[in-house]
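Heads up, there are several structures right after this.
There are two complexes below, and they share subunit A, which is joined by subunit B in the first and by subunit C in the second.
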Partner chain A sequence: MNAIILSVIIGVVMMFCSVFVPNKNSYRHIASIGLVLLLAGNIAEMHGFSLFHINTKGMLSYDNFGLFFNTIAIASTLIYVLLSGRDIQKIGTYVAEYFVLIFFVLCGIAILSSYNNLLMLFLGIEILSIPLYILTGSDKRNMMSNEAALKYLLMGSFSTGLMLMGIALIYGATGSFNIEVIHAASPQQGANGMSELSVSFLEIMGMLLLMVSIGFKVSAAPFHFWTPDVYDGAPAVITSFMATIVKVAGFIAFIKLFDARMLGTSVETNKLIGVDWKLLFAIIIICTLLVGNVTAVFQQSVKRMLAYSSIAQAGFMLFALFSMNDVAKEGILVYSVAYSLATIGIFAILVKMKDFTFEGYNGLGKTQPVLAFTNTIFLLSLAGIPLTAGFFAKFFMLESAIKTGTYLWLVIAAVVFAAISVYYYFRVIQAMYFKAGDAAVVEAPTMSFKIGLLLLAAIIIYFGIFPQALLSWFYF
Partner chain B sequence: MPIQYYIALSATLFCIGIVGVLTRRNAIVIFMCIELMLNAVNLLLVAFSKMQPVAAATNTAARNAANVGIDGQIFVFFIMVVAAAEVSVGLAIIVMMYRNTHSVDVNFLNRLKN
Partner chain C sequence: MNLVYLVPLFPLLGFLINGLLRKSLSKSLIGIIGSGAILASFIVSILLFLQVKEQGALPVEPLFTFINTGTFNIGFAFQVDQLSTIFLLIITGVGFLIHVYSTAYMHDEETKHFGRYFAYLNLFVFSMLLLVLGANYLIMFLGWEGVGLCSYLLIGFWFKVDNYNVAARKAFVMNRIGDVGFLLAMFWLLQKLGTLNYADVFANYKNLSGTDITGITLLLFLGAAGKSAQIPLYTWLPDAMAGPTPVSALIHAATMVTAGIYMIARSNILYTLAPLTENVVAIIGLATAILGATIALKQNDIKKVLAYSTVSQLGYMFLGLGVGAYTGAVFHVMTHAFFKACLFLGAGSVIHAMSGEQDMRYMGGLKKWMPITNITFLLSCLAIAGVPPLSGFFSKDEILAAADLHNPVLYWVGVAGALMTAFYMFRLYAATFLGKFRGTHEHHLHESPAAMTIPLIVLAILAVVGGFIGIPEVFAKDAHWLEHFLAPVFAQSKALQPEHLGDATHELMLMGIVTVLSIVMIVWAWRKYSKYQPAAEEETGLGKVLENKWYVDEAYNAAVVKPVNSFGGFLKNVVEKSGIDGIVNGAGRFVQYSARQLRLLQSGQVGSYLLFMVLSIVVLFLIFWNQGIIIAFIQKIF
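So, the complex of A and B:
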């Protein structure tokens, strides 16, 4: 509850700051202070200290998993604002509003990590999405940004429509919006003139529609087509936020929903009519990995390559849904930290570049050694090289899939695709160190920016050597 | 009336909406089709929520609750509010695009496909 309410309060306070504080440079400092407060509030709640006691009638439930994810999301946003705050200022004239919208997105994330009711899922997704539509189009004079915003909006509202239809069908089948299934009610539905078969058919259709709609949000494969265009068109700082924190929040919503609902609609429990979720997710994972990795190889722009790479990473995160056991839940936490931090770092450097193509990185190792060095560590982490956090993230995901004991070919395919991903990540490293050229940056990076990057790289390596450190925070 | 009629009607409206989103080229018409999808859902939710007491009549546990099925109708209000918020943002984005391109045709949206 702390995170939901505090993020809105801080957002509104920042809105007033935009009126009463004339100095534009101070907005990012105010936002950083706000994020620290938010982080403190959330950590306090993890230790049982809640500022607000509101009876939500079981619509929201706070478990350790959700709260810990909240901490990760807020901490990553803090790092993001500290590293890229200066670049957020440069998007346009309404500086404070960009930070306000980021706070509202965080409110949506806090709802998504604690919902226990489909109404809250819907509200959380919308509170998360609507500010993002605005942020995507925040570069108002730029046609690419306009186009990305419109595309994102149309696709986003379309998937919202699908989600609502799914929720309505589930409501019709079970008579409740609670995500904990009350199956005792459904046989009674015969009074409606509906047979038990059609009731479970409604519920399964509902679950499939929900899966498609959240699949849109996390850009899983058959529903990914908006991702490259939107990520490419949006201002690069905003893409950084969308591709990391928001995407991982989508996965948390996905996992919470399917953790509660998957068994009731699967073939194991419902022989008459049921979905083989494992097979379905296996197909989606293969498609996502294939599309993401293979298309990323052919990109010329690093920004667009990162968009496809985020699809490929989503394929790995989908393993948590595929296996849905304790290792998967731990794994998604480690993955969200490793992926978010590395991608935030890469984008923070990308924003500073004059030219977003691979050629634009030529010779960065000579002109900006610190940027090139940290960028290398971030890229290695995304590729999943040992001694970086990304390795253990992928390791946990694959381990969880092996623990299920089936679909071993899926794990093998994932390893092959991870090997393909090394190619396009190393292309950037090769451009930075082994190609002649003078990579130009927009402005000389400040000392504090360089120190921030080095600290971020240190965190990534730390979690790469001691992944248990993260999980021990989760458990204790 | 049996629930099946309502399900069929809202499924039809929903499919009209989906087809409209996928085939139309005018951004505003696409937006109207999305609204049609949302309204089909509203209709279905209200129908289901009216049918809940019938279902609950045979369920001793739920019979005593006076407001069985009311949450479906509450949900409809939430959908309306969120749809209004989405439309206000959406129309602002469409206007912003119109200022730059003097068109609301989504066929113009191919600058990113380089």
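So, the complex of A and C:
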């Protein structure tokens, strides 16, 4: 509860800052302080200290998993603002508003990590999405940005429609929005195939529609079409935020919806409302990995490559939903951290570049050694090379899938796709170090920016050597 | 307080300081840091030794958990007992002397190379200390690899000379072959016992079957054969003489090459339980001793003679291990460290004086110019030749006596080797120091500086008196101090070995015969080579075979190196180029092709996106309602 309410309060306070604080440079400092407060509030709640006692009548529930995810999201946002705050300022004139919208997105994330009721899920998704539509179009004199925002809104509305339709169908079948009630209303003895099932057709249709609409939010193929266009059109700083924290939040919503055990209604794993969802998830994973990895190979712009790479990474994160066991739930936390931190770092560097194409990076190793070095570590982490956090992230995901004991071919395919991903990540490294050129940056990066990057790289390597450290915080 | 961690810490610090600051420190400072680090270790080692002498083995000192997985747990722990303190004293004591010697010997190097040299040397001592201090096989292996690396780096110290790099590579590869054995033995132990800690392994040896023990010990011996230059892996050691002479003294005579003896002495209980392996060890050891000695008879390079002599002496140590005389083997390690280090350093002193010349055909009469080197070299030669009461006599005799109890054949073959030793050592001595100078630069000759002669004197004294800690039973009852000291380490084995009581008169008689024969050999060599003039014509017959080291290197080249190289060429040119490259490039082209096609889907039109989405949803629904069939289909395929 702390995170939901504090984020709104801080957001509103920031909104007034734009009126009362004339100095634009101070906004990002205020935002950083606000994020630290928010982080403190959330950590306090993890220790059982809640500022607000509101009876939500079971619509929201707080467990360690959700709260810990909140911590990750807020901390990542803090790192993001610290690294890229200057660049957020540069988007346009209404600087404070951009930060305000980020806080509102965080509010939506906090709801998504604690919802227990489909209405809250809907609310959370909308609170999360609407500020993003605005942020996407925040560079309002840029046609690309406008086009992206409009596309995002149109397609987002379509997915919202699907979600509402799904919720309505489920309500029709079970008479409730509460997830626990919905699961309780389902038969437990479902076995192989549909024929033996007596689950209401409406309920399953509803669940499928929910799956599609959240799949849209996390850009799982074949519902990913908006992703490259929107990520490419939005200002690069905003893309960074969307591709990391927001996307990962979608996964948490997804997991809460499909984790039947978390709700204590089904002992058998992977049998939500008595149906085995593995095959569908397997198909979605294959499509996502295929589209993400293969299309990324052919991109000329690093920014667009990163958009596809974020689809590819989503394919790996979907393994958590596919296997839905303890390893998966721990793994998605590790994955969230590894993926978000590395991507934030890469985008922070990308924003500084004059030219977003691969050629633009030529010779960065000579002109900006610190940027090139840290960028290399971030890219290695995304590619899942050992000694970086990304390796263990992928490792946990694949381990969780192997533990389910089926669909070994899916794991093999994922490894092959991970190998393909090395190609396009290393293209950047190759450009930075092995190609002649003088990569130009927009402005010389400050010392604090470089130190921030180095610290971020150090964190990634730290988690790559001691992945347990992260999980032990989770269980503290 | 347990000081054990300080022992390896000092050399490690020395390595870091000298390694990192080699360009900014002065030569004298580098020398002081490098030698001082070893001296500090030596002092701590003495303290530890006194402690162990007083109260027996110290408890295992765990520093941190090294590897921890679900099923097994390996701690980074040090074990100080009687065996490791003896090795500690040898390594740090002899090591310190050689460091001091090096400050003078290497003085002509550039400062940064000088620093590099001492950094390597300190790193070597650090690794060697790890090797003997570790409380489990893995730590030993870490040290094992560390010394291998340092040996490689130091053999190739003058890396601008191509041949030296080849020698370094050869040493590394030969050692790696042995390492495979060591690794497999460790895996085997882990598989059967789930632990690598000495204490646990030796306490639970009963859980190992006979095959296990034989296999493990044979594999460990393969490792030992690589590191300690035994047949068939000995060929690297003579080539390793490419390194600076103090390195040969420290690594390739006194310490590293004895690691294999340490390993087997440490695992003595396993070997005692594997009679087959014991026989293999004894026979290989003896064969190496003879082979090394025969080759040493005909070498002309002063360092090569010493190298083959080392191979041969190591063979004796393995003979001792093989016949169950563990104390004797360790004893010989110690005395050999003294006299062989002294000989190598003496050779270094000669080479220094001769401005780099190593061929003894161009030496002679050096006695006149180098009195200290001469006398120390002579004493060490007497020690290695086994003249009583010098140290080599006692240790070699102990091994041979044990071999005699085992099987008289081993004894007499061993004696033949010992006589050859006496001969080739005095051939070396006489050709170098006696007679007339045969070289060209007579005016260059000079005695070496004090930093080189003092270590020589100390080592020579040790080579003379070092044997008195192991006086055999036949001379005085209970006078064998070393055996009493080491008894706890070998207690388990001792209990299992049949008690052999040698006949004292028989033993004394043999001792007398061997001594007389050795002295005869010495006199013969002395007389023959003090007026030595190198023969103009080439050697023929057996002499030629020996001069060419039994053509073993050539045989290895033809039998192993060339086939492996051509197989490598085949893999590179045929398998790699057309096979693997083809597959990889094909996969790459396929991905690029698919990428081009998939890209077309991203048209930018919201309408078409939505259409695709709706179509996909429909397809997903269809799949979902028919998943029973699809799963059955997939299972049929995979």
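By our rule, the second predicted complex is superposed on the first by the 441 of 476 C-alpha atoms of A that agree within 3 Å, B and C clash if a C-alpha of one lies under 4 Å from a C-alpha of the other, contacts with A are read in each partner's own complex, and residues count from 1 in each chain.
Simple rule for what comes next: a residue touches a chain if its C-beta (ideal position, glycine included) is under 8 Å from a C-beta of that chain, and two chains touch if they have at least 3 such contacts.
Treat the numbers as computed from the prediction; the structure is a model and nothing was measured.
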| item | value |
| --- | --- |
| Three-chain arrangement built on subunit A, subunit B and subunit C clash or fit | fit |
| Which of subunit B and subunit C A:294 touches, first, second, both or neither | second |
| Three-chain overlay, vertex subunit A: subunit B-subunit C angle, C-alpha, nearest 10 degrees | 160 |
| Touching partner for A:177 - first (subunit B), second (subunit C), both, neither | first |
| Which superposed partner A:465 touches (first subunit B, second subunit C, both, neither) | neither |
| Touching partner for A:154 - first (subunit B), second (subunit C), both, neither | both |
| Residue contacts on subunit A - larger count, subunit B or subunit C | B |
| First, second, both or neither for A:13, with subunit B first and subunit C second | neither |
| First (subunit B), second (subunit C), both or neither touched by A:126 | first |
| Which of subunit B and subunit C A:229 touches, first, second, both or neither | both |
| Which of subunit B and subunit C A:168 touches, first, second, both or neither | first |
| Per-pair minimum CA distance [subunit C against subunit B, superposed on A] in Å | 5 |
| Subunit C-contacting residues of subunit A that also contact subunit B | 151, 154, 158, 162, 192-194, 228-229 |
| Interface residues, subunit A side, partner subunit C - complex | 151, 154-155, 158, 162, 192-195, 204-205, 208, 212, 216, 222-223, 225-226, 228-229, 276, 279-280, 283-284, 290-291, 294-298, 408-409, 420, 423 |
| Residues of subunit C defined as touching subunit A within the complex | 588, 591-592, 594-596, 598-599, 601-602, 604, 606, 609-610, 612-613, 616-617, 620-621, 623-625, 627-628, 630-631, 634, 638 |
| Residue numbers on subunit A that touch subunit B, as the complex places them | 119, 122-123, 126, 130, 133-134, 137, 140-141, 143-144, 146-151, 153-154, 157-158, 160-162, 164-165, 167-169, 171-172, 175-177, 184-185, 188-194, 202, 228-229, 232-233 |
| Complex contact set, residues of subunit B against subunit A | 2-4, 7, 10, 14, 17-18, 21, 27, 30-31, 34, 37-38, 40-41, 44-45, 48-49, 51-52, 54-59, 61-62, 69, 71-72, 74-75, 78-79, 82, 85-86, 89-90, 93-94, 96-97, 100-101, 106, 108-109, 111-113 |
